[in-house]
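For clarity, chains are labelled A, B, C, D and E in written order, and residue numbers in each chain start from 1.
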Amino acid sequence: MNSSALNPYILTIVTFIPLAGAVLLMFFPRRDRDIRWFALAVSLLTFVLSLHLPAHFVNGQQGFQFEINLQWISTPNIHYHLGVDGVSMWLVVLTTFLTPLCVMISWKSIHDRVKEFFILLLVLQTAMIGVFVALDLFLFYFFWEGTLIPMALLIGMYGHERRIYAAVKFFLYTMVASVFMLAAIIWFYAKAGTFDFVALQTAIQAGQVPGFATAAPWLFLAFFVAFAVKVPLFPVHTWLPDAHVEAPTAGSVLLAGVLLKMGTYGLLRFNLGLFPEQARSNAPWIIALAIIGIIYGALVAMIQPNLKKLVAYSSVSHLGFVVLGIFSFTQMGLTGAVYVMLAHGISTGGLFMLCGILYERRHTYEISQLGGLATPMPVYATFFLFTVLASVGLPLLNGFIGEFLVLAGAFQAKAVYGVLAATGVIWSAGYLLWMYQRVFYGKVKHDVNLTLPDLTAREQAALWPAAVAALVMGVAPLLWIKAIDPAVRAAIQPVVQMTTQVMGR
Amino acid sequence: MIPPGADYLRILPELVLTFFGILVMLADPLMDPHKDRKPIGILAFVGAVLAVSATFIQAQHPGLAFSGMVRVDGFAVFFHFVVTVIAAVVILASISYMKTQQIRAGEYYGLILFGTVGMALLSSAIELVLVFIALEISSISTYVLAGFRRRAATSIESSLKYFLLGSFATAFFLYGVALMFGATGSTDIYKIGEVLRNGNVPTLAFVGVALMIVGLGFKVASAPFHVWTPDVYEGAPSPVVALMSTGPKAGAFAVMLRILFAASAPGWFWLIWVLAVLSMIIGNIGALVQNNVKRLLAYSSIAHAGYLLVAFVALPKTGEYNYGISAAMFYAASYAAMNVGAFIVISHFGSLNERYTTLDDYAGLGHRQPILAAILTVFLLSLIGIPITGGFFAKFYVFSAALKANLVGLVIIGVINSAIAAYYYLRIIVYMYMREPREGVPVTRIPAGLGFSLAVALIVTIYLGVVPGRVLDFALRSAQEMLR
Amino acid sequence: MLHYILFFLFAALAVGGAVNLLAQRHPIASALSLIVVMGSLAGEYMLLGAEFVAAVQVIVYAGAIMVLFVFVIMLLNAGEEERSLKGSKVAIAIGVPAMLAGLIMAIWTLTRHNPANTPVGVGAMYGPAIAIADQLFRPFLLAFEITSVLILIAIMGAVVLARKEEQQ
Amino acid sequence: MIPLSFYLVLSAILFACGVAGFLIKRNIITIFMSIELMLNAVNLSFVAFAAHWQVLSGQVFVFFVMVVAAAEAAVGLAIIIAVFRTRETLNVDRVNLLKL
Amino acid sequence: MSLNLWLIPVLPLVGAALNGLLGRHFSKRVVTAIALLFPGAALAWALLVVSRALGGGVTLPYTETHATWLGSGAFSVPYAFYLDQLSIVMMLVVTGVGFLIHIYSVGYMSHEGGYYRFFSYLNLFMFFMLTLVLSNNYLLMFVGWEGVGLASYLLIGFFFLRDSAASAGKKAFIVNRVGDFGFLIALFLMIKHFGSLNFDQVFAKVSTMPVEAAGMGLLTVIGILLMVGAAGKSAQIPLYVWLPDAMEGPTPVSALIHAATMVTAGVYMVARSNPIFFRSPTALIIIAIIGCLTAIFAATIGVVQTDIKRVLAYSTISQLGYMFLGCGVAAFSAGVFHLMTHAFFKALLFLSAGSVIHALGGEQDMRRMGGLRKHIPKTFWVMTIATFAIAGFPPLAGFFSKDEILWKAYSSPFGGSWIYWAIAVFTAFLTSFYMFRLWFMTFFGEFRGAEHEGAEHAGHGHAQHGAATHGHIHESPWIMIAPLVVLAVLSFVGGWIGIPHALGGHNQFDQFLSPVFHVSAEAMPAGEHPGARVHEAAAEHAETNTELLLTGVSVGSAILGLFLAWLLYYKRRDLPQKIADSLGMVYRFVLGKYYVDEFYQAAIVKPLLAGSSTVLWRGIDQGLIDGTINTSADATRDVSDGVRQMQSGNIRSYAAWVALGAACVIAFMIWMGVR
């Protein structure tokens, strides 16, 4: 059978299989072992199916692919419109890739309310995929909010001591911000009568949305706030460290790996796609915030006494690169930004998995409680080092490609952006290697640490794919960039056109 | 003079309800006073379900009835349906509630049925005096119902507060009717509309509208006439709260819509604007620090009244008022679904004498009663306004109507409020899922009737969130009908 | 002129009764003041020609309803009000000024801006029983019938609430 | 010939007295009586307007209001009895279990 | 015809991967075999490639492109390798010296834990270093550049149980990153202005650009930024601080990475970028000044060091300064020449020092050595050759290369100056002095160390077999000596390929490299160069005389150094202490390495950490941002409490609120009606 016959349905299938799995899981008897295996099977199946996307993706083709566009609700004209371009396709695959790893990493660490955990995880997966594939603003908002609840519950139910504070903070920050986006979406519907992203884009470009000119700056801001909090951009990042520290491992992995990317994805898709003019005029201060985020995140990460908080702040720094790349409006910058998103998902996801593995053994993230771990846990230390290096941006590993392209792009846009942001390469080496030294090198300081067991086969099984992915992404980035590049070109075309028009005047 | 037969069909739901109310009244004394009133409850439920089906027959006979006292149009049918469904669900949920509370009084069901007559009639009555009577019917029955937990001093107190303040407010409404009558010489809403549209509008009419808004604002618990709400909701039996926070409210909103739009009442735009904003802010802010779930939801209902009022002021220059009206109708319906659901869960969880109604009692509910907690979570999410729940589309339509009318400021206040609101609803969810269970709070099985009523509320909430189109289409059409 | 005298006589009685209602501390005294108000209102109704209403006012209101009140006052053996409780500051400080302001505004509107500020003759609208009945059973039939529901509710409610709670 | 406004003003004053009674009286029964006073005041307005517009319906309204008042009285007094049973007081200021 | 250059880096990578992933399960013998086989194969293949290339089989420069690595829009970077004379030299040095050091390590590391890990890292280093020297574009070069940094990090921190080793590794990586920052910016400039990072494309564009006479033109900026990168990797002022600490690594590592190959990457990069520097006199001057200053600065520190490896480390920094000085006066071939000879003799020095340390069971302090000549004669002899070579005694390798740089520093048409020469000669004197100081202290006189103390003092790894050798000082096994001998030979004869004209040679080395450097030098008229002096045939004879004279002076300074060292550390051992006492502050200042580390610590690291912690984290993050949000949350709560106060529970007050509301509503509506 020709597997490309699946094309119109594949996105629906990939999106909803986890949900179907979650529903089935609800009726499962409470046998934890079976539940885990089932969740793993579902997530792996989703991953395998999601590979259909890159396999059948036509590089360089304009517009969205694997589209499906059905009317869902007629009176608010809501369509079930899914589709991916090169950017969202890989984000979908990233999501489906990370979820099985999360299942594996939660195998033993979650022993209470196992069923609920995996149900939430699978629901979360559906919502995350949905965010990336939705082309109808309503659908997008639905999935966007849909990620919020399972994530807040994962943090709040399975987190650590201050989990409730963290969960509430997470929820409120993102909720408060996203209602502005909702207001903007409603505005669009009220004025243009459609939620369809493509239709809206066309209508805006043709000047067919009444009142758009005056409202656009506010609409831009409304979208921007929602995404900036999610990214998170300085100074609205303070929910992130708390959320990460308290979240269970799988939660942290998905939070850093996918949820933050939803913010940057949104910036790319909507803020650039719908408001090219505002994006251009607002770029300077957004870039300033991004650069502050890069440096600030790194500096604050450096002095964190808590391992997970350190990684969390490093995310602030890394995501600053993404925003910088997006608002550089250069081909390289945007491609790099998307690549950083993917790479950060893998490497920071990996770091969080590693942190979680440690927590299972030691029940602390305090760096002062660790030290000298390379002696009892050499394999673990090796994986950790590899992931740290990927995160630092060592060439031939995934982190480098994106960062390099972002910096080059930013430099093209304005030299000072590139120069300031490039200091990030120094900072990241600083905080990560210092942390690595304090955790792994030297003699074992606390006797409890002497007998820590090394990685089990299951943990290795969760870590290996991430490590291999990090390497492949660093060695053969074109596999990804081929698809990303044209999509990005389409995304910045309006902005670039405008710039040339302005310069032409 | 005997009215034509079709007239009776036009009030068929009311007739059915009354008939069953009388049946209940008659059946009650026949039962052993020490036995549970479950059969009576089932009888009442049958009546309510028949009333629901009667609304379909009613819908077949649009038009005026009883010398222009009643007007059956889509608008009326919509609210009839909503109100009767609420009654049916609440009756069903009450059966097990009455059993756990050990209240053995068949009058309870009779009062609900009779009260529903008033609530239903509110939406179809176009004669202000009839409106007043309907209002009193729905009010007086709820005054009594609020005091049904007679062993609890709080219940009687809430009954008293509701009664005194309610009568106080209806007096204002009545005075407003009188002044309106004085200003126009008529009490027929549509005739008043004609008069007001055609001639010079006397100041008396403005004052009349003002006083009616005071009275109705009280009934819908809009700030600053909301003060009774938290106390009454806290003290009244939970199923009754489910009823009175939705049924009379829906009816009062229907009346308000008819008076403000069909009667072309003048000058209320900024007034309602301010009331909406005040209600949203006071309701949401007040709810933030509440620890009693019933009280918390009482404040939330104030806020929801505020959101609903936003739809009232969505008056685009194009004159397409039906968007706002239909949004309000949709909101009333979906709010009814989710709030009834939430209070039914609370009623079940409260146990004897509603002992467990504080947030602390809800700690760990997700652990001990996962299904109940999950259902309550859905209702709470709907109250927050998370997509694929009715609450989302309700807010969505309201705000979208307001944006159509270029009320950007109001919408921004609204969305910020709904974000604040997320906090306190989330608190309940947090307690349920993230706190350790409290000692001694019992785990109870969900009785069939309650389960069924919860299922109805849940299905409606989700239905309105997934395929709201039909309902909204209907609302849009009936809003137009109502305006004609 | 006589009309004026009669009007003001009844008006003075009504207002005086109302004020006395407020001033009296014993509920029985208040109830009696209210009966005075109702009676004098019946006089005003007569002045307006609403003879049936006036009769019903005396029979139903001043008679039946107020008897009920008095009965309950006796039943509960209600004494004089206590006056030295706090918690009423808001009511006095906000409510009374608001009430006065509302009253002034209402009077202002009713006297100045009433489009129909026309004199009304004595017996201007003659409302005999037969005419009223005609109204009640024709156009207001539904309202009339629906009041039966109201009464039913009142009966049920009163029975339920006043019934002694069974012992557990 | 008495101006309509006389009746209306009288009605307004009585209504205001009713409101004032609600606000300043402490005995629940008296407060309830104040409400009755308010309804009576409205009735006067109805009758006056009926005379003004020369329609009988205004007087019919009075009729309905009386019925409502009677029903309210029945229920209200029953509630008052119930309150008195549980609280042993008729002072409204003491009925404040539910607050904040 | 394809040379399959890619095999050269990839072979060691395979070795690294095999040992790294599976080494734990291999026997030591297999690990050794893998560790030697793959770099050996790379060496063999490199030799084959060279023979083919020089045999005329391919035309140089030769490029082989395999695939696109990354690209975006019009910009792309290939996996492509590039072979010209410069990369031939580098490739041979790296594979050759590298292979020798691998062999040596088999003996040296035989008793250490993590044997497989060590060789995996070492092979990994070879991979990255060869990528660095063979890439055909700056980005792939950057890959190697970062990669060798990584390998260096791993190997310095090899004895990670020692905190100092771990810190040193981290420091090396971070300081290198500072340099990489400059390198990266240079790359961005190239991308922006040249649209590519391929050498041929960049240089083609560059060659069309004029010489930048003064100020900061594009090429000058690029040049300076490249130099920042080079300064990081090649331990130049101000980024040299990591190299002395890097001596925490095992000695073969110091030899391979921190002496022979990696640290010279900066020199290679500058030489590779010669078309850019030829057009930027300003950048050249900066390089020359940095090189010159570093040379003398490090040499002065070297004079007072007592740790044998640290002396060599500062010596390395100093020698690297020479190379940069050479490059700075556009004498790139001289720089590269010195790079090569330095690789031989400095590797030899380190390995010999390692042999000494090995013999003493881990002792590194020269004050506890002495008289080792008799105990470890083979080591002594190879060390002697190396010492003389570095001190610049003819006809050893160091003499020719150093002399070439000195001469060019004086005479180069691109900014040569006698000041450079003078400083360089003085540095040569110091070099000679401290090297012979080392030589005398180590091998002459009596043995000063208490042997049991040696074991105690030992570093991590040597502690184990230090105990085993307790009691007698032993010569190293043949597997360690053999590479030493080979290197000794190279240190002896290595310079002979570059005998200058003045001494009757033909300077074949310069000629060999001339296609790389002179093409770009000749591409522009010399007259345009502001610093260029016109070469004239008539002046040639005079120049030869000058050159001979200068050579004499430098040899003299070397001899002077030898003499002084003999006097102070052989003849009159009490004198150094006295001199040190009389110098007082100055001595302590130098001994304290000019307190540069302390300065960096106090001026950069501490304020950064403290600032991040108190200002950024506690101040902004927790104080300002979270504070604002918490305050507003608290304010909301207060308002909420206020709203609650409305709910007093008193019915009358409720009625009052209703009445108030009603009054307001009535007032508003009347106003609306009257309006």
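Operating definition for what follows: a contact is a pair of C-beta atoms (placed from the backbone, for glycine too) under 8 Å apart; a residue touches a chain by one contact, two chains touch by 3 or more.
No experiment lies behind these values; they were computed from the predicted model shown.
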Via touching chains, subunit A connects to subunit C in a minimum step count of 2
Common contacts of subunit A and subunit D, by label, are B, E
Would you say D-E or B-D is joined by more C-beta pairs in contact?
B-D
Would you mind checking which chain's C-alpha centre is most distant from the centre of subunit B?
E
Which chain's mean C-alpha position is the greatest distance from subunit A's?
C
Report the inter-centroid distance (CA atoms only) between subunit B and subunit C in whole Å.
30
When centres are defined as mean Cα positions, the distance from subunit C to subunit E in whole Å is 102
Cα centroid separation between subunit A and subunit E, in whole Å?
37
Approximately how many whole Å separate the CA-defined centres of subunit B and subunit E?
78
Can you pull out the residues of subunit D that are in contact with at least two other chains?
8, 15, 18-19, 22-24, 26, 31-32, 48, 52-53, 55, 57-58, 60, 64, 68, 71-72, 75, 78-80, 82, 92-93, 95-99
Can you list the subunit E residues in contact with two or more other chains?
644, 647-653, 655-657, 659-660, 662, 666, 670, 673-674
Send over the residues of subunit A in touch with two or more other chains.
none
Per the touch criterion, the pairs are A-B, A-E, B-C, B-D, B-E, C-D, C-E, D-E
Of subunit E, residues touching subunit C in the complex:
648, 650, 652-653, 655-657, 659-660, 662-663, 666-667, 670, 673-674
If we count contacts the way the header does, which residues on subunit E are in touch with subunit B in the complex?
636-637, 639-641, 643-644, 646-647, 649, 651, 653-655, 657-658, 660-662, 664-666, 668-670, 672-674
Which of the residues in subunit B end up touching subunit E in this complex?
160-161, 164-165, 168-169, 172, 201-203, 205-207, 209-211, 213-214, 217-218, 223-225, 227-228, 230-231, 266-268, 270-271, 282, 285-289, 420
Across the complex, what residues on subunit E touch subunit A?
68-75, 139, 142-143, 146-147, 150, 153, 157, 160-163, 165-167, 169-170, 173-174, 177-178, 180-181, 184-185, 187-189, 191-192, 608-609, 611-613, 616-617, 620-622, 624-626, 629
In the complex, subunit A residues that touch subunit B:
72-76, 113, 116, 138, 141-142, 145-146, 148-149, 152-153, 156-157, 163-164, 167-168, 171-172, 175-176, 179-180, 182-183, 186-187, 189-191, 211, 215, 218
